[in-house]
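These are the structures in question, set out in turn.
Below are two complexes that have chain A in common, paired first with chain B and then with chain C.
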Partner chain A sequence: MTFPRSVPIIAYRDLQRFWKYKWWLAGLITMNLADLLIFALVFRGIVRREVVPDYLQFIAPGIASIAAFAAAFTIGREVMVELRRDFHHYLLSLPISRLELVAGRIASGLARGLIYQLPFIVLIVILTRLPSPTEALIALSVSAMIAASMSSLSIALSTLARSLELQATIRGLVYFIVFFASNIFYPEHIIRVRFPEAVQIVIINNPISIATSIYRHIFTPHLVQTAYTLEELLLKLTLWTVILLLVGALLYERNLK
Partner chain B sequence: MKEDIRVLILVMLWDIRKLGRYKFFLAMRFTWFLVQVLVFGLLVSAMVSIRGPGGLLDYYKFYIIGAYTAVLFSISIMKGYDIAEEIEDGLIDYQLSLPIKRRVLALGRALGGGLASFTYSTPMLAVTILALKVQNPIALLAMTLVSLLLAVSVSGLAVSIALILKSGDRLDILMGVSDALLIRLSTIFYPAVAMAAVSLYYYAAKVNPISYAADMLRYVAEPGEFSGFLVADPLIMFSLIAGFAATSTIASIVLLERKIEGGYSR
Partner chain C sequence: MSRVAVRIRDFVKKFGNVVAVNGLNLDVFDGEIFGFLGPNGSGKSTTLLTIATVYKPTRGDIEVYGFSVTRNGDAVRKLIGIAFQEPKALWVDKPYELLVWHAMVVGYSLIDSRRVVRDVMEELGLWEHRNKLFSELSGGTRKKVEIAKLFIQKPKLAIFDEPTAQLDVTTKHLVWSKIRDMNREGSTIIVATNDTFEAERLSDRVGIIYRGTLKALGSPSELKDMIPGGDIIEIRVEGFISGNALRKIEDALETKRLDLSNGTLKAYVNRGEEKVALALEILMRENVKVRSVAVKEPSLDEVFFYFTGAKLEEVRG
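For the complex of A and B:
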């Protein structure tokens, strides 16, 4: 079986459209940079050193995770609008299989996430350390997994309701919950102190938390505060990616019928 | 005069009654606020230590008011943008056909946006009041007044900017950037004293009206707790908030009137 040519074409078409949202992108970049260069810098001065020795370095890997997440998540909005406006009928009339269409959309989210995240990874390297080639490969695979899983999640959410407003609300809520209920801003021992075990498990095993912990293993090993080894974290993220890819693809495919 | 006031109230109520249109947006903002307060606030307050002239700061209480101010700011920006969009869509034609004076219509739309924003934010204000256990009726009244002034200021400012920019794209970026920068360069998340290490941020917070609104709310809610962490003297803060509200309302009235007079085509 050969790799279908249509998948990269669909992904490329979606990627071209991504750059059209230049104003939205400018806002997102400003927000991510402001979190790092204003919020984290001020917090570095007020967070107790025994809790986090350097808050700027602590938060930087989390900003990289959120950058890939936010960019990959945008694909869901387009899928939502297409389904709502019946544009998918046109897409289905093209000489491509449904599976190729679904794969193309997920690949597009993946590309958006990776490209948008790259400057933030460079910024982390400047702020922390240069990873070894093996570590760089692991970081790249984590970025790919987080972008693919989040674009699948976004597509899955976009197929849940017919109302545009309701869909936007659901996507917004999931975004906020994944963002705040993660370990981006707080170390895991603080989560353990404040919340019961069930909530703690949910927060620590959120895919964004897992990706952030792996980035911390790579870029800020002196600030790693997780009970899991790198191998365990990679396994968990792989599982999340497979599950979300399947759910996203199945729901999107079902809605195309 | 009496009739003008009656019409003004009707125009303002018209804005508030559109609550149903925003039910999903408001549900999202309310959940966002709860997540901020119940997750972010609780966890971060266990990590930070801020000492001021009056001793250690209770960061959780500090943060709840900051989160409410951020939500109110965001709703007011959205409301102002919405009013400008309605004008763009030609709704003003219908409103001009009504027996309403132009100035009353412009004033009603400018104030209505702020009043509606404040009304939409009341569930979050109620959570804030409950969490801080504010019982003093004067403090409750003062919190309402300060919140209302901030809502009127920000929605007036958003209407003015929307009318000046005349471009949805440019407005989107300005709103996004201002949301990101104004919130972070204010005393929403951290007191001014904590920003002193980076002088650029410190002085930005010192001139940011959102800092004044957030700190004024803190001061009226719990003067004993927050007196040592304010961006300025309470009287100065209140004067600046009132001045900001008056200036942005006048600016939006002038621009709205000009828009009506000169036509709304872009």
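For the complex of A and C:
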């Protein structure tokens, strides 16, 4: 089978499985939306207006980043279950190359991220503004990059250990580091004042923070509080994506044997 | 059947300190049905998974139609298909969608996939189960779904790992017949089994593997002939047989043992079918009236125990 044909077929299976968990998915979206609302309402009354003029608008782009990240990260859970049940033996024996296999898995993670994120993007548009066609294209590429890189990271983590407990711990740890060590909840100038320099570096260079900053550039330009320009942020995210895709592909290929 | 389909040389596979296969050398020929016979844990599945490029050899190499599993994995995978011992599906999978997906991965268009999957599912009695969750299927039905993958794929080299385990007698015969059909249509077949009857019934040649090493190799009848005195020529006679006649039979047939009891003469020989005429000729010359003749071959079970030196309890354990 040729490369362009096999990758969507591999991805199709993963998406089919993703769709089987549609009620769980609906629950997850509802929960995330509720989080957004509760956070926004609570912090709106707490955070001073001169720091963040509208907390609801401030947090919305971050929640969109998290949505893409969370959905893309679920591909790792699938890989983990497959490893546990030796299902990967079947995948490894199919008449496709290892590169096609890993590309298909990452593509499905990407698609999961984009599908899951869509309602959140719609919500952001309702809460903020309609982006121009160029801005929409940038937003789409950011979503694609964050979903692809996070699915790749998730796949790589799921193949690191054969022990289910250890895998779950590693995945959980990385998930919470990426989630909390980000600029979703706090503006960057507050992070620079409150956290030690090493933590600042982690937070500001976290791909979720970078994606959130780009979304803020697009949807809430009046709330952008980063030192980086849009071009610099795009470059950083592209670099992260390339690195994570390579690491994910290599680890998946190496650790499945 | 001279072209080599699978060439295994000095193949060693270790998992940590455990040696699963230890220095296996074997050729499987193009167009044959090769039976890989051995008890659980003997190294059959490890060898098959390495042929299928799932594992990499610790030492040595395996070639499939000239392509190395270590260096040309992509080329090997385009030639092979494997039906695993444990059906490979997750509990949320449904047989029809799983098989259609498999058909597409192996190269069918979506329309052709649906057609060929329906044909194979109907033939194997799976159609009524097509939309059930895998977790709802019986062990036998799951196994049929696994085997169906190869009947759909029809690869150049088809590997069946214990294909009829968990299947009822009727389905077993159906599967054997379908495997033979595949073979006639051009697929080389490797069947791993711990069922000697299946190995004998299906295979052109059988390799007996035990504790990671190949113990014997040949057609079922060749293997049986390798057991010294394995065949028994049983002749029921009327009247007296002289000591002279018995000595002549002993010498001419090169018997390993000769018993005469209650008018039945039992000669333990090699290649009994070739020597029975000679025994009858001697008896007739000695004016002994023969009432019945039978040649009994050893079973493949006996062959297995002979070559592995295993005790039944050990194999069970």
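Keep this in mind: the second predicted complex is superposed on the first by the 253 of 257 C-alpha atoms of A that agree within 3 Å, B and C clash if a C-alpha of one lies under 4 Å from a C-alpha of the other, contacts with A are read in each partner's own complex, and residues count from 1 in each chain.
In this text, a residue touches a chain if its C-beta (ideal position, glycine included) is under 8 Å from a C-beta of that chain, and two chains touch if they have at least 3 such contacts.
Just so we're clear, the structure is a prediction, and the values are computed from it rather than from any experiment.
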item	value
Combined model on chain A where chain B meets chain C, clash or fit	fit
First (chain B), second (chain C), both or neither touched by A:V81	second
Contact breadth on chain A, by residue count: chain C or chain B	B
Which of chain B and chain C A:N255 touches, first, second, both or neither	neither
Chain B versus chain C as contact partner of A:I46, first or second or both or neither	first
Chain B versus chain C as contact partner of A:P95, first or second or both or neither	second
Superposed arrangement, angle subtended at the Cα centre of chain A by chain B and chain C, nearest 10 degrees	90
First, second, both or neither for A:Q200, with chain B first and chain C second	neither
Chain B versus chain C as contact partner of A:R13, first or second or both or neither	second
Partner chain in contact with A:W23 - chain B first, chain C second, else both or neither	first
Shortest span in Å between Cα atoms of chain B and of chain C, once chain A is used as the common reference	13
Touching residues (chain side chain C, partner chain A) in the complex	49, 52-56, 73-74, 77-78, 80-82, 84, 86, 88-90, 92, 97, 101, 104-107
Parts of chain A lying in touch with chain C, wherever the complex brings them together	1, 6, 9-10, 12-13, 16-17, 20, 81-82, 85-87, 89-90, 92-98, 257
For the chain B and chain A complex, residues of the former touching the latter	24-25, 27-28, 31-32, 35-36, 39-40, 42-44, 46-50, 169-170, 172-173, 175-177, 179-181, 184-185, 189-190, 194-195, 197-198, 201
Of chain A, residues touching chain B in the complex	23-24, 26-28, 30-31, 34-35, 38-39, 41-43, 45-48, 51-52, 165-166, 168-169, 172-173, 176-177, 180-181, 185-187, 190-191, 193-194
